[in-house]
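Labels run A, B and C following the written order; every chain starts at residue 1.
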Amino acid sequence: MATATLPRATRFSGRASILRRAFSGDSLAQALVFLCATGILALTALLVWELWTRSALSRATFGFDFLRTGTWDPVAGNFGALPFIYGTVVTSAVGLFIAIPFGVGAAIFLAELAPPKLSDAMTFLIELLAAVPSVIFGLLGIFVLVPMLMKIVPGLKDALGVLPIFSGPFYGVSLLSAGVVLSVMVAPYIISVSREVLLAVPRDMREAALAVGATRWETTWDIVVPHARRGIMGSIFLALARALGETMAVTMVVGNTPKIAASLLAPGYSIAAVIANEFAEATSDLHISTLVELGLVLFGITIVLNGAARLLILATGRKAG
Amino acid sequence: MGVTKVKLSFRRKAVNAFMLALTGICTVVAVGLLFFILGYLFFKGGRSLNLNFFTQLPVPVGESGGGMANALLGSAKVLLLATCIGVPIGFLAGIYLAEYSGAAYASVIRFVTDLLNGVPSIVVGIFAYAIIVTRVGFSTLAGGVALSVMMIPIALRSTEEFLRSVPVSLREGAMALGATKSRTIATVVVPAAIRGLISGMMLNLARVAGETAPLLFTAFGNQFWSPGWRQPTATLPTMIYEYAKAPYDDWHRQAWAAGFVLLTLVLLVNVTARSIISGGLSHKPR
Amino acid sequence: MKKTRMVFLAGMAMLAVAASGETLINGAGATFPYPIYSKWFNEYHKLHPDIQINYQSRGSGAGVQQVTAGTVDFGASDYTLTDTQIKEFATKRGSEILAFPTVLGAAVAAYNIPGVTTSLNFTPEALAGIYLGKITKWNDPELVKNNPGVKLPNADIVVIHRAEASGTTFMWTDYLSKVSKEWEMKVGRGASVNWPLGLGGQGSEGVTGQLKQTPNSIGYVELTYVLQNKIPYGKVKNAAGEFVQADLASVTAAAASAAKNMPDDFRVSITNAPGKGAYPISSFTWLLIPSKISDPTKKKALADFLGWMLKDGQTMTTALSYAPLPKEVVAKETKAIAKIN
């Protein structure tokens, strides 16, 4: 009796023929996909190796002091990463400071308080905000945000100018401007992931609370949100990782000044921005090496944050499941 | 059986209403921002769009009538190359993870892929400069490789996710009829997940289409057409960046137009991709 | 299926193959001469449609680095290479790096002071003081003293400089080092220095853009940029004691003595030049071309372009406010083209 084969399995349309040829030998197919998967390991290893070797000169010259020195002087050959680390951290902190209340608030609304259809529609739109390219945020930053801030900040200074973070002159481009742009860019991540995490909280917890007479808000704030707390933290870490690596929008509005200032109104610099500006023109091997080392530092920070985010989001998922 | 009706205090009701409003405002602000961005770009960019923009090369500083035709083609080429390199690798590796791999090796690959995904885009640019530009020079190839490195992790993750969502019964059915594993995957599993796979690829593409940082010192720039793959090329995002920084009003006008075109394309691809897998993640508390 | 495949292959062929006979040359470097370079390369392409010279304006530092790394065919810079850089090029590329002056330009002190449209007088002390952060207000005595009748506001001066390695920065800091001992000691000259204060703009384009958007700011930038953007700029006191406005005549005057004694490698600095009517922050700008070019079509094209630039190209400079090269320099340079082989 002839082996029964699926008629369809033997007759391939033209488009699938390429696929068929690739998978005709089962062991060949397995080898191919294995190769691709392992290739990714090799690629990542190559990337890390390149970063490591090209930063070798800088690491040998400066050691750990690189991370603590605040001077960036290409003429004298003094390179210190602190101004960039400072700028990266401060702009991201400002971004989160603004994005977290708005983001978590919106996530709560979308997950708990809004009617389902409205929630879906609005989430869809907010996720589109996450798709807007960085350079477009930069464009709007230069031509819309900075002029707007130039009008608002004098008033702000009148009210809060006594605080060191709002002291000093304001030129438009500043750590504050970069922070505001970042907040708009990372808010969708906080909203989207937090909403997911809140939705994953089991139904019965809510129903139990409502049954004993809690209002919707009380249920949300006292029962659901604490349960999802770790996942929300995870979304914040994710947003932070995104903010730290952001290049274009930041470099267009931050002022590109490698100095550490207490005031948010002062211009600053970030790791990604200095690499973008100086990499193609660093004329000494040491200079190039320091920029690569900065890239390595940034990469390291994002790895840690992404890892922590994943653990936190997983923890909430497990608790709820 | 007597049911006592609990009377909510005014304060609690007020707080409830207030927080509803407050969180609602947060949401409206978030959504409103999207509409503001779209509207502003449409207003400033849409009006500056003319035939020249799509058909002319850039002209020297101070002259008018220039366009970004070469940047549009350049972006298309870089993205095509990135897709041709990044998607197959991620796709095939995803098949490996979903269909063949043992758990231990799979978690290693997933971990490393997440690492790769976390590389900041400017650092990807450094990598592409180190391996391609130092050998071939500034080129479409270097830009394409840089973007492909960013596409691989997402292609892998989305492939694995969508293949895993195909029910085991489908696979078992095919194999029970005598199909080999690879044939099963090619003719049963992949087609079953095809909508998710295509959607994932489109979202991936839309994401890298807007990337500028990795192209700064790989594709570099070109005020002429860039033939082939080994020459520097203009791309839409880098032109926006260059023109936005400059003091010339005509360049600003073009930057807005380019921004509008870029945003429209990216959002269109996004919306299309999502509608392909409509249903997605909707409001269903479990 | 066959038809779609044919179309696909034809499309790929179109994307892949360069039109036969096309010579593509890539260069990067100074933003200072970008307006005239973009004009030149465009005009040259119209005359020779098969030759495309793609020039990316990124800053002199990028020009030097990229041509030394071999990622571009030529560089452009507003400062002359140091001996170390020349040696480094020889080591990395195995040939000599030749510098060809192209035009003369001026770095001017441009400003954006609401209400002030006239041309201010700047002394070397004023400029050094502002950029050192010692003169912080527009109505500082040093400025008021030299600008009687101008209403200078009691506002903080916003200093703007270049964010990246720049020949214009070199010109500016070279001048300040010559006129201010304090500057020379504290900051020094270079394409990229440790600025005491100020905002960084990217490229001459970025500085100009920043100037336009920031009230009470001052920045140094090439003359063409301020003229094209109608930004006020000041006169600077030269070595002869006169306040001179940067223009074709004063820039040409600055090059006069150097023109007569031009060294063979064309490395010369004309900041703070002696002589009447000389604008003190002037400079040549150079194309950096390797002496050995392996591709014969590129070599021919570059040599041909240089010849064209020294004749026809020089007639286009004044329209863009660059001064043409002195004829002694042109003569010497025409002979030097033969060094490219």
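Note that in this section contacts are C-beta pairs under 8 Å (C-beta built on N, C-alpha and C of every residue); 3 or more make two chains touch, one makes a residue touch a chain.
Bear in mind the structure is a predicted one, so any value in this text is a computation, not a measurement.
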Each chain counted as touching chain B and chain C at once: A
Best-connected chain pair, where connection means C-beta pairs in contact: A-B
Rounded Å distance between chain B and chain C, as computed from the means of their C-alpha atoms: 38
Rounded Å distance, chain A centre to chain B centre (Cα mean): 14
Mean-CA-position distance for chain C and chain A (Å): 38
Where chain C touches two or more other chains at once, by residue number: 28, 201-202
For chain A, residues that touch 2 or more chains besides their own: 280
Touching two or more other chains - residues of chain B: 245
Residues on chain B engaged by chain A in the complex (per definition of touch): 6, 8, 12-13, 15-16, 19-20, 22-27, 29-31, 33-34, 37, 40-41, 88-90, 92-93, 95-97, 99-101, 105, 108-109, 112-127, 129-131, 149, 152-153, 156, 174, 177-183, 185-187, 190, 206-207, 209-213, 216-217, 237, 240-241, 244-245, 252, 255-256, 259, 262-263, 266-267, 270-271, 274, 281-286
Chain C residues within the chain B interface of the complex: 15-19, 22, 24, 26, 28, 34-35, 38-39, 41-42, 45, 52, 54-56, 69-72, 201-203, 205-206, 208-209, 211-212, 225, 228-229, 320
Chain C residues touching chain A - in the complex, by the definition given at the top: 1, 28, 58-59, 61-66, 68, 85, 156, 158, 163-165, 188, 190-195, 197-202, 210, 213-214, 217
Contacting residues of chain A [partner chain B, same complex]: 3-6, 8-9, 12, 16, 19-20, 22-26, 28-30, 32-34, 36-41, 43-44, 46-47, 50-51, 54, 101-103, 105-106, 108-111, 113-114, 116-117, 119-120, 122, 124-126, 128-129, 131-136, 138-140, 142-144, 184, 187-188, 191, 196, 199-203, 206, 213, 215-218, 221, 241, 244-245, 247-248, 252, 272, 275-276, 279-280, 291-292, 295-296, 298-299, 302-303, 306-307, 310, 320
Residues of chain B touching chain C in the complex: 59-62, 77, 80, 133-134, 137-138, 220-225, 227-229, 231-232, 242, 245-248
